[in-house]
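Note that the chains take the letters A, B and C in the order they are written out, and that residue 1 is the start of every chain.
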Amino acid sequence: MVMKDGRVARPDNMSVSNDADGPRNQGRASLLVIPGEDLGESEGHEAGHGVLEVDGRLRATKHGRMNENGTEIAIEPLRTAYIPRPSDLVIGYVEGCTNNIWFIDIGAPFNAILPMSLGPGKAAFGGTRSLMDIGEAVLCRVQEVEETHSSVVTMKGMGLRKIRSGNIEQVDPHLLGRLIGKGGKALRQLKEDTDCRIIVADNGRVWIDGEFDGIIAVRDQLDAMSDDAKSTGVDA
Amino acid sequence: MGIPLVPQLLRSHLAELAENDERHDGRARWEPRDTELEIGVLRNAEGSAKVRMGDTIVYAGVKFQIMTPYPDRPNQGGLMCTAEIRPVAGRNWEPGPPSPESIELGRVVDRGIRESGCIDVDNLCIIPGEKAWQVILDLFAISDDGNLFDAFALAGIAALKSAMLPEARFEMSDSDRPLPVSKTPIMCSYHKVGGRFVYDADGKEELGGDERIHITLGDDGHVHSLQKGLRGIFTENEFAEIMEHAQSRCKELRELVLETEEAD
Amino acid sequence: MGGYGDVQMIDENGLRVDGRGPGDLRPVSIETGVIPVADGSARVIWGTNHAVAAVYGPMECHPRKIQRQDRAVLDVRYNMAPFSTTDRMRPGFNRRSREISKVTADALESVVLLEMYPRCKVRVEIEILCAEAGTRCVGLTAASVALAHAGIPMTDMVVSVASGKINDVVVCDLNKEEDNYGEADLPMGILPNSGELVFLQMDGDLSPAEFQEAWDYNMEAAMLVHQIMVDALKGGDA
C-alpha cells in the first residue's frame, strides 16, 4: 500500500525535540541538496545532521532538504533508515527468540532485543515462545541504544502490549506529520471519523484497530494522503 | 532466497479482508494491477520486452546461438528458457546459485511457452545435421513485488514474438527475418490469500498467502500447462472459478501483446 | 585493448565513427527511483549502455565473516545480464565481474561515511542491461546516484568515465569499437567537488602528454555528468 518497510525520516542524531506534534521546519520551501554540495562557510555555523565541515566550509552528505536552526545547518533526508533512539515508541515483529530473549524486527538495521524481564509476562527459562511466538506483533518502547545501533526494547510501560488484532501499515515519514496534524488534530479527527484506535509509532509503523469498515476507511485516507503528496510533488 | 518473516497479524488481516471481499490495496478479487508492456527495449538482444505489473518489473531478452543438432534429430533446433532473480530485485533475494524458487519460476514459464508449441523447433534448421538455431530466452527481474510468474511469462512471449533471426549478422542472407512464433500462450497466476484465490497477488499478498496455481492458455483457450505451488489444498470448484477467470484474462493479455507488436 | 592500429576510427576532420569530436561525451541520461522495491535506485543510459543500480540497507551484516565492528561494509555486485552483449553472456561466476565488483566497492567505500553504521552492510546491486563500452564506469556512476537516493551519507558523488586513444588521437569516452580497437583506455572515478580520485585503472600505451590529455578529458566529462546527476536527484525542473 503506502510504503515499503523501514524508511523513515528520523535522522540519526538530529538535536530537535522529539515532538510528534508536527513536522519540523515545514512551510518554507527549503533547498534540496545532494551529497557533496557546498553549503557555505562554516564560520559562525555548526554542522548538524547530514552536514560535514571540510576546510572551513560546510558540505552536505545526504540527499535532502537543508534547514537552518539558529546557527546550525542540518539536512532532513528524503529517505533514510529508521535509527532507534531511547524512548521511541515502536511497533515490532518477533523474528526469533532464545531461552530468555526475543529478537524484534523494528525496521532498523539491527533487530532489537527484548529480554524476558522486560517482556509481556513471567515464564520459566525456555518458555519464551509460549508467552510470545515468532510472527507476533508488539507495541514497545526503546529503552537503550548501543553505539552500534542495536537496541533494547521494553514492554513495561503504559499501553505497551502485544498487538492481537487490527492492521499495521508502513507510512512514509513525510506523511507522518500530515497524518498527525497540528497538535495531533488530524489524527484525532481521523480516529473519530473512523471510530478506530490508531497508534503512530516512531518507526513509521501505524497500528489501526477497530471495526472492519473503520480500518478500510483509515487505509483509504492514508492512500489519499499518499496520492495527494505525490501529485503535489512533496514526496521524492 | 532469504525466508522473510510472516507476521501473524498480516495473515489475520488478509483473512478479514477476504471475508469482506476486499484486498489490502483496494483491488477487487480478480482485478490486475496496472500492467505495462514495452518491446524492443534491449538493443543487444534479438528480441526483448519489459513488463511492469504494479511495482514488479521484469525484462525478457531473446538471444540466438548456432547449435549442432542432436544426431537422432538432425533437423531440430532448440529452445532454452532461464529465469534469474538477482539480489537487485529485492531485499530477500540473496546472491549465490539459483534458489529453488527461481528455478521453479524459470521452469514453469518455460513449460508454458514450450508446451504450447508456439516455437516449432523443427523449423529452426539451418543445415541438416550440422547447424540449427538455438533460441535462448533470458528472463530477468529487477523489481519483485509479487507475481513474477505472470510478468515473466508475458515478457517472454512478447520478446519471442518480436524477435528477429540474425541471419544477416551470421551471413546467411541479406537481412534478418522474424522468428516464427505461431501462437501467443499467456499465463495467469492465482494465490490463495486469506482463504480464497485472488488474481495477480502483490508482494504483501504473497508473503501472507498460501498456495498458488499457474495456468497457461493458448490462442484457442486450450490448456498448455498447469502448476500448483507451495503448501495447501484446493477444491474442484475453486479451480473451476480460477479457470473461468483465466479464459477471459488470458485473452485480454494476448490482445495487449498483439497490439504492442502491431504498434511497433 | 586490441591495438589494431590500422582500423580507421577517426577521419581527417577529427570525426569519430559515431560522429563525435575527440572531446565529446556520449549522450547521458539519469533517472532515480526506477526500482520501486529498493531503498534507493537509479538508471543510467550512457550512449547505448543501459545500467540500473539498487541499494538495500543499511542492514545487519551477514555473513558474519565480512562484518566489521567499527564501520559498515559495502557489499557490491556488478553483473552483466545475459542479453547485454552481442554474444550472449552465460550467467554465473565471472572473474571480470568479480574484479569490477571489488574495485567499485573500493571506490564507493572511499566516499560513504561508513563509520555511521558499524556492524552493518549496505548492498549495492549493479546490473548492466545493455553494454556498449565503459560499463564499469556507467555502473559506478549509477551506484553513486542510487546510494544518494537511498539516503546513504557520502562526502561527495562519484562520477566515472573512460577516455583513451584511437589512431594516435586522444579521445573522450570510448565507445565499443574504440575500446576494442584503440590503443589505450583510462577509466577514472572522480569526486566532482574536489577533483580527487577514488577509482583508477589504465591499460594500453600513452605518452605522458597523452596521459594528461586523457586525464583532462575525464575531468571535464565528469563535470558534465555531475550536472546530470544533480538534475536527476533534484527532480529535473525543481
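Definition applied: contacts are C-beta pairs under 8 Å (C-beta built on N, C-alpha and C of every residue); 3 or more make two chains touch, one makes a residue touch a chain.
What you see is a predicted model, and the numbers here were worked out from it, not measured in a lab.
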Overall pattern in which the protein chains touch one another (line/ring/star/complete/other): complete
Chain pair, B-C or A-B, that carries the greater number of C-beta contacts: B-C
Distance between the centres, which are taken as Cα means, of chain B and chain A, whole angstrom: 38
Chain centre separation (chain B, chain C; CA means) in Å: 32
Multi-chain contact sites of chain C, meaning residues that touch two or more partners: 36-37, 59
Chain B residues within the chain A interface of the complex: 5-10, 12-13, 16, 20, 22, 24-26, 204
Chain A-facing residues of chain C, complex: 36-37, 39-40, 57-60, 69, 111, 113, 116-120, 148-157, 191-193, 229-230, 233-235, 238
Chain A residues within the chain B interface of the complex: 1, 93, 95, 105, 133-137, 163-168, 212, 216, 219-220, 223
Chain C to chain B touching residues, read off their complex: 34-38, 48, 50, 52-54, 56, 59, 77, 79, 81-86, 88, 91, 123, 125-127, 129-132
Touching residues (chain side chain A, partner chain C) in the complex: 4, 6-7, 12, 32, 34-38, 50, 52, 54, 59, 61-64, 77-81, 109-111, 147-150, 233, 236
